[in-house]
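To start, I am sharing the structure in question, which I have written as structure tokens.
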Amino acid sequence: MAEVLPREVLICTIARLLDGVRHVAVGASSPIPAAGAMLLRAMKEAEGAVGPRISILGSVEHNFFTNGSAELFDCAGQGRIDAFFLGGGQIDGFGNVNLVGAGDYPRSSVRWPGSFGSAYLYFVVPRVILFREEHTPRVFVEKVDFISAPGVSPDGVFRSGGPIALLTGKALFRFDKTRPGFELESVHPGHDLAEIKEATGFRFAHDAEPRQTALPGRATLDLLRGRVFDELAETYPEFAAQMRRELGTVDA
Amino acid sequence: MAKHIEPGMRVALPVDYAGVSMAMTRPIIEHGAGDLDLVCVPTGGLQVDQLVGAGLVRSVETSAVSLGEAGGAPRFNAAVKEGAIRLKDATCPAIHAGLMAAQKGSPFMPLRGLIGTDLLRHRDDWRVVDNPLADGGDPIVLIPAIKPDVTIFHVPMADRFGNVWIGRRRELAAMAYASQLVLVTVERIVEENLLADEMTAAGVLPALYVTAVALAPKGAWPYGLWGEYPTDSAEIARYAKAARTADGFAAYMGQAQMESA
Amino acid sequence: MAKHIEPGMRVALPVDYAGVSMAMTRPIIEHGAGDLDLVCVPTGGLQVDQLVGAGLVRSVETSAVSLGEAGGAPRFNAAVKEGAIRLKDATCPAIHAGLMAAQKGSPFMPLRGLIGTDLLRHRDDWRVVDNPLADGGDPIVLIPAIKPDVTIFHVPMADRFGNVWIGRRRELAAMAYASQLVLVTVERIVEENLLADEMTAAGVLPALYVTAVALAPKGAWPYGLWGEYPTDSAEIARYAKAARTADGFAAYMGQAQMESA
Amino acid sequence: MAEVLPREVLICTIARLLDGVRHVAVGASSPIPAAGAMLLRAMKEAEGAVGPRISILGSVEHNFFTNGSAELFDCAGQGRIDAFFLGGGQIDGFGNVNLVGAGDYPRSSVRWPGSFGSAYLYFVVPRVILFREEHTPRVFVEKVDFISAPGVSPDGVFRSGGPIALLTGKALFRFDKTRPGFELESVHPGHDLAEIKEATGFRFAHDAEPRQTALPGRATLDLLRGRVFDELAETYPEFAAQMRRELGTVDA
């Protein structure tokens, strides 16, 4: 087995979570989700299949929209976006996301930028992947201070989308909307259940001995370190360069 | 052009990458009309932070305010903490929906999503109704029309007839349709009528919607302008650092003023 | 491309001057899928008349159907008199509102006007409600989303990547956004990516929304195409005269078929 | 007094009715309303004032819109269109307009094209001028067979626009929305009250001896026959040529 960087594990996990989507949108400042989408596209095309369409938001160079900043939301409302990523200053065990601030609203003690499109996209994009590398009790709280976007909705509320998974720097969780709540799917190499419990402010279901997150094989790593990092360098030059520096260390 | 701005006006400003008229920021501050209600379409950045820092802002309707890679918007965040401005936190498509209602001359637009959010809970101008076209139930949010008094943005060019080339940044058109006054700064003014050729016409906001155009080369700086020049990230970072305190903000703005004088 | 069309589909077609794919009319008739529900955006002409004359049409939603200066649409008017097609008479902005609702993923859009018209009286899919944002009263009409199965139009060019240049005919984009399938004929296919340059990109409907593109020089004829060629009024007048009777229509269509063979 | 063609009287009357508007929209197949708007613009500019903006719909050459065929209606909804013209297969004494058909709907015995944008524009354009040259009881009926757009609306219905006048080949009527109904304002040269009563299927108010429609003075006629016909020839070449042929006869 080749040595694999922690962020390569994240990228490969994202590619797996996206399997089957036709169109994924990623933020201009989200290189890891973008890399995951690009990896999936490369893997599909290597098999002779059609890869997903990838829209990178806010990028001038990779702007595939022509109707202004409303088009992403229209496109999602039309059912043309299958997957999207959401972070959050706080995420709780019900899948609620807080992008607004900590403390009492509106005079938040810590103010984050704001909800962006989450209060809409979380409802209408079928596969929303919650992604936050920092895995601490500060981020993963029992109950968010402000609901920018709720994890689940009551019966009768129109909802064609929502969270399917939560990916952190330590682990991958599946979201079960019937409970609702998270279930630990796998632990990334170098971490363990006890550490994850301590780092997570909400309760979650888990096996007694959780699996380790699957590592990519040689062929996947070659695609990632070749074609995908080349593509990535066009939009996220600093991130691609950094990954390649770290790989230089690994390879050495 | 800042003379068009009067105290208490509702002012629509575009997202960072769509064409922010940073060139207008200082004239607006010098003009001094306050109690402004800002509408960020759909998010805000440097310009919003500077107008808030200058004390001209009464409320901000937005989906987010930040300096991007340079971090949080320091004067905005400070004003939030102090309760110095009223917040109307929104989500991007709700701002677009409000402008679309104004564009269409409709009192509201419906929008999916939002139900169960604290955004909705804090917005007494948004209304939840049962979808009248459903057999019962099916709650949906109605967003009232957003009718700015003035819209301000920066684009690559205008022609001598007041036609403004917005390219594919069609939110700029949406803002203009919805607004009473539209103030535009441009990199250059061209001789030929931009509507005369179908190729250029496709990206034109017609003069019909434009109140005034002014020449302002590099007018989006330190933001970039699509197809023209990139963002000056170092300058935005320099601002972000300076503006952590009110004094630092004042010093930055004063220094920039001297440089421009 | 006509193979995409299946019996019972809802088909959106553009107004005369926006880019009608007349080149698709005969293939659609030969393909023969019937019971079509046409949506004219927002009015119809020659293509609608010919599809109705060929017996493929079950209903027509439109704000008007005519041959312009050549007078009324003969096969459409005959079908109306015979009760052979179901009419959904509308007004232009109601058709735009229905498409906009679909574009936005909303169940409906509100529209001013209409109250007291016989259009409204005959449309059981439109709903009048009291404006929920008013203090009471203020009736307003809600137009349900129009979601065509297929949209068909003709424009000057597409690129090799499926991006289609619609210029300022943005109703074509609105139709595409709202539709499942989008079939486009073009005068020419260019090598360069139309999205690569901001000037051309401003008038592009991205490939994301386009199902298929086919080359069809003079594909709007006898209609004109903006920026390309004028309408052939003599040919439309010739059709108008021929199609006064079902036999004359059949003869015209048969003759045209032989000419094209 | 110069000799004046009947259509010149109509054009000059329209210019008078439009006085004060900032923006008027006219149809691509409406040369007389367009000429009236162009005449007003020429008169204003001759005085050194700002003339109205004129949008000619459906014209490729004079298309001042860039947002497709919806833009006219949006523009009207925004209050940016002050005046518009409406014809009609039938117009009744309440200002109701029928553009759909005669006889029982939907199987009309005579089908006209359809309502176009009338069911909206009639509500939101402040100065709608009803214009139909043919002045017969077939057109001006007691009650229209189908209401494409109603002349008046009940209290409480949002309405910022509506009819202000009806101009025909024989006369000019003012619309009084309080009654509601038409009032004969003036009779064109060569016609009289008795003839107009016979040609009108609805009742209307009138003076015992109605005025004659005002005729244009020399300066106005010069503007019309010079600059305005030149401008008109660009968009309506056949109409301009025909007017000039008729004027040749008059001048001869």
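Assorted remarks:
Chains: A, B, C and D, in written order; residue numbering restarts at 1 for each.
In this text, a contact is a pair of C-beta atoms (placed from the backbone, for glycine too) under 8 Å apart; a residue touches a chain by one contact, two chains touch by 3 or more.
Per UniProt, the chains are A, D = CoA synthetase.
Just so it is clear, the structure is predicted and the values come from calculations on it, not from any experiment.
A count of C-beta contacts for the chain pairs A-C and A-B puts A-B on top.
Separating the CA-averaged centres of chain A and chain C is a span of 41 Å.
One inter-chain figure worth recording: chain C and chain D are separated by 29 Å, centre to centre, where each centre is the mean of the chain's CA atoms.
Separating the centre of chain A from that of chain D, both taken as means of CA atoms, is a distance of 61 Å.
Each of the following residues of chain A touches two or more other chains: 63, 65-67, 73, 77, 124. Shared contact sites, meaning residues of chain C that touch two or more other chains, fall at 93, 100, 104-106, 111-112, 138, 140, 168, 173, 201-204, 226-227.
The complete set of chain-chain contacts reads A-B, A-C, B-C, B-D, C-D. Residues of chain B touching chain D in their complex: 102-106, 173, 177-178, 195, 201-206, 208-209. In the complex of the two chains, the chain A residues touching chain C come out as 23, 53, 63-67, 73-80, 124. Within the complex formed with chain C, the residues of chain D that make contact are 29, 58, 60, 63, 65-70, 73, 77, 99-101, 105-109, 111-124, 146-150, 153-154, 156-158.
Across the complex, chain C meets chain B through its residues 93, 97, 100, 104-112, 127, 129, 131-134, 138, 140, 142, 144, 166-168, 198-204, 226-227.
Those residues of chain B that touch chain A in the complex are listed here as 15, 17-18, 41-43, 62-66, 68-69, 72-73, 76-77, 80-83, 86-87, 89-94, 96, 100, 111-120, 122, 137-140, 168-174, 224, 226-227.
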